[in-house]
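Submitted below is the structure of interest, expressed as structure tokens.
The letters A, B and C name the chains in turn, as written, and every chain counts its residues from 1.
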Amino acid sequence: MAGDLVLLAAVSLLSAFQQCHFAWLVGKSRMKHKVMPPAVTGAPEFDRTFRAQQNCAEFYPIFLTALWIAGSFFNQELASFLGLMYMFARYKYFHGYVASIKGRLTGFYLNLIVLACLITLGAAGIVNSLLDEYLDFSIGKKLRKLF
Amino acid sequence: MAGDLVLLAAVSLLSAFQQCHFAWLVGKSRMKHKVMPPAVTGAPEFDRTFRAQQNCAEFYPIFLTALWIAGSFFNQELASFLGLMYMFARYKYFHGYVASIKGRLTGFYLNLIVLACLITLGAAGIVNSLLDEYLDFSIGKKLRKLF
Amino acid sequence: MAGDLVLLAAVSLLSAFQQCHFAWLVGKSRMKHKVMPPAVTGAPEFDRTFRAQQNCAEFYPIFLTALWIAGSFFNQELASFLGLMYMFARYKYFHGYVASIKGRLTGFYLNLIVLACLITLGAAGIVNSLLDEYLDFSIGKKLRKLF
């Protein structure tokens, strides 16, 4: 597996690091607003920080699934680029949400668009692969023959 | 990797889409009951919807792990079928929980059964693979020789 | 894929089982303290148990990502051993947190150390693999030639 999927692995590891960073920022916000565990509510800024991180954590396995499938079945370079876009959108979302409730929206919509792209690419790759394997009909190969 | 694990990838992508759908239903429930972020409690129906989605999100990486291991080390077709069953159980669970607290139970127990099957298949596949690799003894090959 | 990454798969399946076990302990704590779903707060001991499980669930995909990348791109045996250490740290964290708020700290710091090791190994493996693929320069091969 190694070697040939290294770009996907690099993006995944960077995003894992980003998730750790978000969790660490929640910890910092706990200190700042004196919200002691196991409490998860307190000052409004802490509440927003906590919810921002929770939302990122919830979507993280969905993102990884879409990233690897799009990268393995469609195109690794394109999927990795979209993965970096997703990380940027999560950065915008997290810091926007910490600043204000409305601030999360730009990053959130960007996230949705990137995730929709990854899922669409993955679905296209899988349909092509299923046709190829079970019906011996590959759209990719047909297209390549045309040019 | 592509090609040969395409069924697992197809089920994973479908389940990723289902997770997004659940998150979207929570958003819709927020609108309906006017529970504005970052609040996560409000009307009882919203609370149930939110908890249903949270439970699905928590178990999602566990499901993916069990699905891919059962599919790679035991049998891809069987694991993919169980994956679809799991998605159906999550559908029952989510909508049952939204309707009433007791409504979640059928789907929840079905989930547990399917997850237990996937983990058991995965464990069987791994034990066979470990025996094969480190002791050069494969139960699978022995069984195939018998028939 | 099977065969050659069987140790990573074994550790992943064990950790998936551990996550299920934590979720089951939350259910048991619900019964003991009569906290009925969808409520997620009640007796202080239940609150700690619930937060402990939530934290484990949040970090689970991050752990899996780091484990598989470190195992595929650096060294499978070392990554699997660190994976078992991580599970032990999560065990300490969970049961420590259930006992008292301060009790979570030992396990928590151990978790961080193990996760940092996995991410570092994974990053080293990816950098080596990228150099090898795009610049045809492999540190691993150079080192092996020296000895």
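Operating definition for what follows: a residue touches a chain if its C-beta (ideal position, glycine included) is under 8 Å from a C-beta of that chain, and two chains touch if they have at least 3 such contacts.
In this text, all values refer to a predicted model and were calculated from it rather than measured experimentally.
Contacts between chains leave no pair untouched here, as each chain touches all the others. The angle needed to superpose chain A on chain C by their Cα atoms is 120 degrees, rounded to the nearest 5.
Shared numbers divided by all numbers used gives the overlap of an interface; between chain A and chain B this overlap falls below half, so the copies present different residues. Centre-to-centre, using mean CA coordinates, chain A is 19 Å away from chain B. Touching two or more other chains at once are residues 1, 61 of chain A. Chain A meets chain B in the complex at residues 1, 5, 44, 47-48, 50-51, 58-59, 61-62, 65-66, 69, 72-73, 97, 101, 104, 115, 119, 122-123, 125-126, 129-130, 132-133. Interface residues of chain A, counted against chain C in their complex, comprise 1-3, 6, 9-10, 12-13, 15-17, 19-20, 23, 36-38, 40, 54, 57, 60-61, 64.
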